[in-house]
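What follows is subunit A paired twice: with subunit B in the first complex and subunit C in the second.
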Partner chain A sequence: MQSERKIRILIAKPGLDSHDRGAKIVARALRDAGMEVIYTGLRQTPEQIVETALQEDVDIIGLSILSGAHKVLFPRIMELVEQKGLTDVMVFAGGIIPEEDVPEMKKLGIKEIFGPGTPTEKIVQFVFENLPERT
Partner chain B sequence: MSDKEKINQITRERERWENTTLPKWMGQRPERKSEFRNHSDTLIKRVYTPEDIKDLDYMRDLGLPGEYPFTRGVHATMYRGRLWTMRQFSGYGTAEQTNQRFKYLLKEGETGLSIAFDYPTIRGYDSDNPFSQGEVGTCGVAVASLKDMEVLFDGIPLDKVTTSMTVNGPAAMLLAMYIAVGDKQGVSREKLGGTTQNDVLKEFFAQKLIIFPPKPSIKLVTDIVEYCTKHMPRWNPISISGYHIREAGSNAVQELAFTLYDGITYVESCLERGMKVDEFAPRLSFFFASHNNLFEEVAKFRAARRIWAKVMKERFHAKNSRSMWMRMHVQTSGCTLTAQQPLNNITRTTIQALAAVLGGTQSLHTNSFDEALCLPTEDAVKVALRTQQIIAHESGSADTIDPLAGCYYIECLTNEMEGQAMDYIQRIDDMGGATVAIERGFFQKEIADSAYKYQGETDEKKRIIVGVNEYTTGEDAAIPILRIDPKVEEKQVAGLQKLRRERDNRKVDEVLEELHYAAEKDENLMPVIIEAVKAYATIGEMCGVLRKIYGEYKELIVI
Partner chain C sequence: MKPLLPVGEIAKGVLAGDRRSVAKAITIIENNASKAQELIASIYPHTGKAHIIGITGPPGSGKSTLIGKIIREYRRKGKTVGVIAVDPTSPFTGGAFLGDRIRMQELSTDQGVFIRSMATRNYLGGIARATKGAVKVLDAAGKDTVIVETVGAGQSEVEIIKIGQTIVVVCAPGLGDEIQAIKAGIMEIGDIFVVNKADREDANKAVMDIQAMLQLNNKEKKWRPTVLKTTALTGEGVSQLIEKIEEHKLFLEQELERNTSRGKAESELAEAIKEKVANSIIEELKSEGKFEEFLQKILEKKMDPASVAEKLLNEKFRKQVQKCQN
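After this line comes the complex of A and B, so read on.
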């Protein structure tokens, strides 16, 4: 009997900041919710993130950033996502991203942005409700 | 009546109370929770009595201020003599902008400087490195070469201030730049006062802004300690930091134990280098977080001083009482700040700052209320500084030394935290020390577990965070946000490229080559780094040389 394929999700930290408390908690919560979580650690370049997503054949990418560099790094990541043909991968993000930047980030194709204080349950629920069609 | 009889009498009275008075109240007004626990998961009793400190020996366990075991403070006059240093961690954008912020804070009554460098700087990259894109000046000030440091301290005489620098991997380079600015201002090294964080161990498992692997990293730390011991008597070469351990998610006991263990490891490294304990130990300094639980935090600071004094005396046989002093800087806890209802953060910071003062800190940073959203605006940082001034001048907390001493609850917690921390220290000793514990992911796992537990308790509302999971009112008041102009990066990169064109590049190549040889020969690198800095070699160039020799650390990922 073939077991059902688990949802595969990449939690990635672009940029140079090292605030990984949130990323790790979200990774663990998603793993506890039954997903296959790949967490690649700190200081990932946009190229590394998208390459990992491709190699690991993930369904979802979760980006965490608290350094303020999202306006430079997120557009680059989304550009690479498109270039590599990962358009069926759902991307969401979290960290310290000012409210006024959210529309611009969503316009890039980032489905949701979670700010500080978000309950992990809300993120897990969001992921289940927004699974890309490929899953 | 003997002391023992008095305690027995209290025990009898307490038991009577528990059987008569208490049940009546419990019937009418039951307790809010089945049990009360602090952040370290210690069960908190309903009420504390002399029974809980019956084994406390005043002179052995507390002593008097300025005397062993320093539980009550390292100075005999404490804040009656001099208030703690009010030192706001600050830095953003260009060196010009941060220089203005420094001057503003000094004008408003700040008594010490503390530099926040941007991520490229603390990771040892130049502002024009591809890794630095989008990060230049965003979370701190960009300092790529001595040129930037000169601007940063323009009009600030280094013999009139003390400066703390939050930097670890490239600590030697930034200290060298500070020395070079001092030379230009005519302030000799003996007169320079301040601190380099220079605590790489916690980087491997907490702050994680690491460049080199553990062995060369500890070598660089020890170089700085050795250099400062010989040439910079007013400099604290290292600030052994629990702050980042706590912010990464540990509880208070773990913060205490892991920080002290890092301290033990540095002392061992200096002894191995052939230094004498009483020569370098007096300048070792510490850095802790202050979280929301007022009493737990006060007990932590007091326990920290007592454990360190005992460790230095009993484990390392220090003779000079200054070697047994734990001098500390405290920062209120960034991770307790909420993006929701941000003005509430002023109250949180006040409680945390009060804990630090009641705990006897030497230096304090208070967070600004907007820091869950951005780097602080000028108005926000002013409120933070005023919070310290109000505690100092209006609350009466600084009028007597160690005011909570003798409180049954505080003394009991202080004892418990000491015991719990010593258990951890024993475990890490048995494991083979801090580097083994790092390699095994021990610290990382302990911290990750505590962080996950804390979040779970918050999600389940076992832990109430006002404005986040309770008392939420929907729309939050908008507050002004400090934004870093993207032109900062352009300007910084242009300045750096101009420097590369205009400096004597032959000289730069020479000193970088000297640095390479000195590193290969395992010499103390401080003298050659000072030469390199003075030739305007950049952070990225100097770290680049060392990366080639030492390699780069690859993070051990523990979720």
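After this line comes the complex of A and C, so read on.
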């Protein structure tokens, strides 16, 4: 029996904003690159997102946020990721996140942040290049 | 790199109901690593307690939304629930968009619920190759009810009957010719029929159409499938559906339990043998170089795959075949 790994990725929308175009475009691009993309839908709490990542055993969590609430939501999400032991999961994000907030977000463990106008090819390439090693 | 968790540890976690272990176990089964077999073997003695419900029907009929409400109802009754929601893999890119759980997210943090999305990975029949094993994992982890949502089913997507004990066929008015869509194949496998989106006006007509069809079909069945109406958006009709499911479960227990479990064990054994035999023959052909040789013929369009397979097998088993024919 051969072992075949598929990249599983969660695209999640934390918080209350309903800007979902970016999330859907990114989800489609990753699917078209051969990945299995799980989409949570809108208005997810940090608890819902991290629990979903756990149940789906994803390799990567992608957060999409355009509401400005990342400074509240991202720390809580990263705290739960740690708490639930999902330390082998890579977390990255996109949406409207001001340049000055980026270092703080990265310090939380968010690997990269992609803003408006990022070509999806760049996002796909980033995923392939930063795939966490999994057991 | 994280240390490899041994299968034994994961199996132990599954049996203890640990959610991370359940998730990891399903991944192992999906990736068909040689570990999958070991894992199934060690949890198998602890399976057979869950009631397994298959939910099938055309895309867009409201299966996922309905499952969300079914989970809520079972939770109200104090039962734990596992869900495997299957969506298709693109045959072109190998990727998949798994969106069923969007409609179940309300319950995603409930510790009595475990939802896993699964791509078909080009397995035919409306489910994935790993679905059956994943159901066993949820069963072994102690879920009282395990629900499988198939990819929107047409007539040939009936693999679910090999897994589900109670099959619910969901359709909805306004999907074009929905009755036509469920006519062949899946019509025969339903234990319970649901016309969802009962909030739409032509729901009653759909109910009557299915009832008429069932009258033609059910000649001498012990269990008589019924048609129910639900509105998954509001949850209306869902408690009646659960009652009917429980009634069917009781029916199975009383009338058929021994037979069905025997039948399932039988078909599982047959499947396991088939897979082993097929794999070992393919491996052998590959190591003999024959596989590659004939692959070339197919690529050059000199022969078609079915004839090549027959020729290879004939050569390989000439002796046995002759013996059989005598």
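Going forward, the second predicted complex is superposed on the first by the 131 of 135 C-alpha atoms of A that agree within 3 Å, B and C clash if a C-alpha of one lies under 4 Å from a C-alpha of the other, contacts with A are read in each partner's own complex, and residues count from 1 in each chain.
Everything that follows uses one rule, which is that a contact is a pair of C-beta atoms (placed from the backbone, for glycine too) under 8 Å apart; a residue touches a chain by one contact, two chains touch by 3 or more.
All of these numbers come straight from a predicted model, not from anything done at the bench.
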TODO: May I ask you to decide whether A:Gly34 touches subunit B, subunit C, both, or neither, giving the answer as first, second, both or neither?
DONE: second
- [ ] Would you tell me the residues on subunit A in contact with subunit B in one complex that are also in contact with subunit C in the other?
- [x] 27-28, 31, 37, 39-41, 45
Task: subunit B residues within the subunit A interface of the complex - done: 119-120, 123, 125, 130-135, 138-139, 207-209, 247-249, 335, 338-340, 372-374, 448, 451-452, 455-456, 458-459, 465, 468-469, 481, 483-484, 486, 555, 557, 559
Open item on the list: If we count contacts the way the header does, which residues on subunit A are in touch with subunit C in the complex?
Closed with: 1-6, 8, 27-28, 30-41, 44-45, 47-48, 51-52, 54-57, 84-85, 87-88, 133-135
Task: Residues of subunit C that touch subunit A when the two form their complex - done: 1-5, 19-20, 22-24, 26-27, 30-34, 36-37, 89-90, 93-99, 101-103, 105, 108-109, 114-117, 119, 121, 279
- [ ] Name, in rising order, each residue of subunit A that touches subunit B in their complex.
- [x] 15-18, 20-21, 24-25, 27-29, 31, 37, 39-43, 45, 67-73, 96, 98, 100, 115-117, 119-121
